[in-house]
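Order of writing sets the chain letters: A, B, C and D. Residues in each chain are counted from 1.
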Amino acid sequence: MSHDWLQGSADDLAARVPDGAKIAIGVDTAGVAMETTRALIRRGARDLHLVCAPMAGLAADLLIGAGCVATLETSAITFGEYGTAHRFHDALKRGAIKLMDATCPAIYAALEAGAKDIPFIPLRGLIGSDLAAHRPDWKVIDNPFGEDDPILLLPAIRPDYALIHAPYADRNGNLFIGRRRDLVLMAQASRQGALATVEEVRDVDLFSSEETAAGTLPAIYIASTAVAVRGAWPIGLGDHYEVDEAHFRRYAELARTADGFARYLDEFVHRRRQAAE
Amino acid sequence: MSHDWLQGSADDLAARVPDGAKIAIGVDTAGVAMETTRALIRRGARDLHLVCAPMAGLAADLLIGAGCVATLETSAITFGEYGTAHRFHDALKRGAIKLMDATCPAIYAALEAGAKDIPFIPLRGLIGSDLAAHRPDWKVIDNPFGEDDPILLLPAIRPDYALIHAPYADRNGNLFIGRRRDLVLMAQASRQGALATVEEVRDVDLFSSEETAAGTLPAIYIASTAVAVRGAWPIGLGDHYEVDEAHFRRYAELARTADGFARYLDEFVHRRRQAAE
Amino acid sequence: MNVSRQELLIHTVAGLLLPCRSVAVGASSPIPGAGALLARDWAAREIPSRRLFLTILGSRRHNSMTSGGVELFDMAAQGRLDAFFLGGGQIDGEANINLVGAGGTYPQTAVRWPGSFGSGYLYYLVPRVILFREEHTRRVLVPKVDFISAPGPRNDGVYRPGGPIGLLTNLCWFAFDRARRRFVLETVHPGHTVEEVHDNTGFDFDGAADVPTTALPDATALAAIRGPIARQIAEAYPRFVAQVFPNAA
Amino acid sequence: MNVSRQELLIHTVAGLLLPCRSVAVGASSPIPGAGALLARDWAAREIPSRRLFLTILGSRRHNSMTSGGVELFDMAAQGRLDAFFLGGGQIDGEANINLVGAGGTYPQTAVRWPGSFGSGYLYYLVPRVILFREEHTRRVLVPKVDFISAPGPRNDGVYRPGGPIGLLTNLCWFAFDRARRRFVLETVHPGHTVEEVHDNTGFDFDGAADVPTTALPDATALAAIRGPIARQIAEAYPRFVAQVFPNAA
């Protein structure tokens, strides 16, 4: 197999992301590129505009805590049952990040508009909420096809890159993603495409059967790919591995304070220690 | 297997479609419900608004020729290499149908707006074309997020039903469609959902693996399902059977004249003769 | 018959969902999830059998969506989602909900919660939104929320085919009167009193002087909850089931 | 070396597509499809090897899209589609194209063609649209089209990052000058003359008095066209290959 599309590591992907870039990351169930996230911190990325599609967890908390993020656009930051996003809360209180609070379907719709490269898209809901009140970039117009029908318009979101992680790539660089079509949306909406890590490269052609083709993200949407074994760790990956709960507990303890968080970064990001499986 | 969701035949599906209904049909490569189309003609449907998603072939020509159609919304009517749509041309010349000429992405985008139930969606292109000049239902506005940037708004399309055909249903009424996501769009956009025929019902659960799940249209979008073996005939169906070219030649001859078309209907629609495989 | 608080809530949720064809349950919601599974079981036992489509976010098995995360929201817009659950760090008497934060000045609130999730949209579109918040205190049920993630129904000309049908807590079930924009105390859970509800609610609400007690599950329902339903919800919420139904497995 | 008309066109198309990263070819387009396959082959042989993403609509093998029919159009909007082919029942000197009908009064035209397909959108967005129409007559190449399916480039403030780069026919290759909104005769195919082009073109165009002849494929290219390329395009166009390359299989 000649894989000239394959990079050496997640650090090679992170090297492509300039300071100030707009980066999309996905939900914990969709394949989170945690190793690329750590690589971004190692490379010292700054002033990122983080678009959580449509919310995020540990990846956002790490990037915020490490000072990589200037702007955070999200519907929620949550670890679910696995603790609290202390670094996000701390940055908010310090006024260290600009927050663009949204609701999930607004981020999805804006990314869909991005993938269609239409400048805006209307969405129901939101009018009369404080979410809309704090988003001067959203506009309410009178539905031109209705009467006395106010409707919100969202500007399209086109990230520079989407960070994604998938179970495997085929020999041509197409990614198997199954039903996780959020990854398709994120990759299509991104101007440069996805920076993708995979657990492995398999010597197969995903387009050879209608079943695997249906669950494939085509290579044309991928800017760069590298293998990162357990690349979503400590988050789980579908049928492949479970969330590392013990590690989340450890993180929750350390990330309560800036010092503890610095020790966490030192150990697990800069020195690249992964908990044993 | 108890299949209480399964109807007896395509004629049971056609019985659900009232006169005047807005009906979506798909392209020849996506699984055309030809048997349901014939059943609609048998039931004598009238005044249909046919939405071709985003164009159509024989199914549209048959429905138009049989007098079922009042309004035709499409980007093209074509049999590809298999002849000319004589009944469409004849109806146009007689002024028997209202034509809403479009371009493929406009119909897709309007159906996407339908699936999101947003009242309209912007689209690039079209401005300055005679397509736009003849569509008073489309509006040009100034992009509220830009400057001196005219952009077209399309009203959403929400058909009442989508007519679709798929290789098989699983035991719970989910349909395997593979990559043919046009069928998902058509079903989601339709208020009542899809009227679906399948080649067979298989005693499997499409959601049991990530591969088959990725290529599945969930049962929640399906209004009614029936088995119709070779239900796309004389059009082909993916890996299952090829187009019946001899039958298309026969159709092309007969459909040149109203009389010939009437003989075709009598033989192949009302007397239900299918050419031998 | 000893019925736990969770069992009562699961049973109450199931009753509220029974009329539905399609229900979705958000993340971190084991009780709504179990209630939806019970309602689905009841619908399947009707004669003729009736299908209740159910999506439990975070579950791989009870999830039949194939178009990504946006599908839930599109489904709601299409009118294909009859019920959903929302909570809130604060809920006020006009059914405004706040999932963002309290105190301080936004965005530098004294307390910050995860965020609004899908509430700023689903609350307008889903016909039967059930507000579900176990904690029933004046800290949660406030006169006026500090931040409106999603506003309660109001007559402001905004497209709003959906909205809350009521609020279920550890103490009671409030219906919500959309015309009068007020909660109405409908039933109080066994072991609790109307007075207790008043004492712990920060907003005014309506209700007859004589409020009935929330119905308990019968033996059949209780056996279903403790057996098959507990086992089904364990796929998405193993820790919840280990704590509340240790004998289910 | 005896080069057929089709072989010359395939070779010319391949040269026009060589700079691209991503090309799509519409339905009923065997020559553009074969040309795109040849360009892909050339790109793969470059050192270092370069990948040309190719989608042939109607082909199952040369189609790597997984989001339905809309994906082609979204891809164009995203800037991920460098080239596409459009034709027309009529094409005029300002590169307006008509795929709808001629004569009569719309919609009751004397002649009706299938319809506009994706032209009313792709023509604005794809940077290298190649107008491809084999028939080179005054019936097709008219002073002014009867219906504008898609307008040629014009200075009207409409968002238009794309447009035609030229027009390829059985007689010649015209480039299109977007600033002057006129076709420019660039090469005339072997065996034909500038005079013949003028006689058969219904619109005015520019061009030097001394127009070069369209380059012929060399022996390597011709062997590729007749062998592997013909075999690859046969999957989508078996009848074309049986007619034009009977010895390919």
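Just so it is clear, a contact is a pair of C-beta atoms (placed from the backbone, for glycine too) under 8 Å apart; a residue touches a chain by one contact, two chains touch by 3 or more.
The shown structure was predicted, so the numbers you read here are calculated from the model rather than taken from an experiment.
Participant: Give me the chains shared as neighbours by chain A and chain D.
Facilitator: B
Participant: Need the most distant chain from chain C, centre defined as the mean of C-alpha atoms.
Facilitator: Ranked by distance of C-alpha centres from chain C, the top chain is D.
Participant: Averaged over CA atoms, how far is the centre of chain A from the centre of chain B? Could you give it in whole Å?
Facilitator: Chain centres of chain A and chain B, defined by C-alpha means, are spaced 37 Å apart.
Participant: Which integer distance in Å separates the CA centroid of chain A from that of chain C?
Facilitator: Computed from C-alpha means, the inter-chain centre distance equals 29 Å.
Participant: Between chain B and chain C, tell me the centre distance in angstrom, where each centre is the average of that chain's C-alpha atoms.
Facilitator: Computed from C-alpha means, the inter-chain centre distance equals 39 Å.
Participant: Using the touch definition from the top, which residues of chain D touch two or more other chains?
Facilitator: 65-67, 73, 77
Participant: Could you say which residues in chain A touch two or more other chains, in rising order?
Facilitator: 109, 112, 116-118, 123-124, 149, 151, 179, 184, 213-215, 238
Participant: How would one label the connectivity among the chains shown: line, ring, star, complete, or other?
Facilitator: Topology of touching chains reads as other, fitting no named class.
Participant: Once the touch criterion is applied, which pairs of chains come out as touching?
Facilitator: All touching pairs, sorted by chain label, are A-B, A-C, A-D, B-C, B-D.
Participant: Considering the complex alone, what residue numbers of chain B touch chain A?
Facilitator: 109, 112, 116-124, 139, 141, 143-146, 149, 151, 153, 155, 177-179, 210-215, 238-239
Participant: Mind listing the chain C positions that touch chain A in their complex?
Facilitator: Residue list for chain C touching chain A: 27-28, 58, 60, 65-70, 73, 77, 99-100, 106-109, 112, 114-125, 147-151, 154, 156-159, 239.
Participant: Inside the complex, what are the residues of chain B that reach chain D?
Facilitator: Interface residues on the chain B side: 27, 29-30, 53-55, 74-78, 80-81, 85, 88-89, 92-93, 95, 99, 101-106, 108-109, 112, 123-132, 134, 148-151, 179-182, 184-185, 238.
Participant: Where on chain D does chain A make contact in their complex?
Facilitator: These residues of chain D touch chain A: 22, 48-49, 51, 53, 61, 63-67, 73-75, 77-80.
Participant: Show me the residue ranges of chain A that touch chain D in the complex, using the header's touch definition.
Facilitator: Chain A reaches chain D through residues 4-5, 115-118, 174, 184, 188-189, 191, 207, 213-221.
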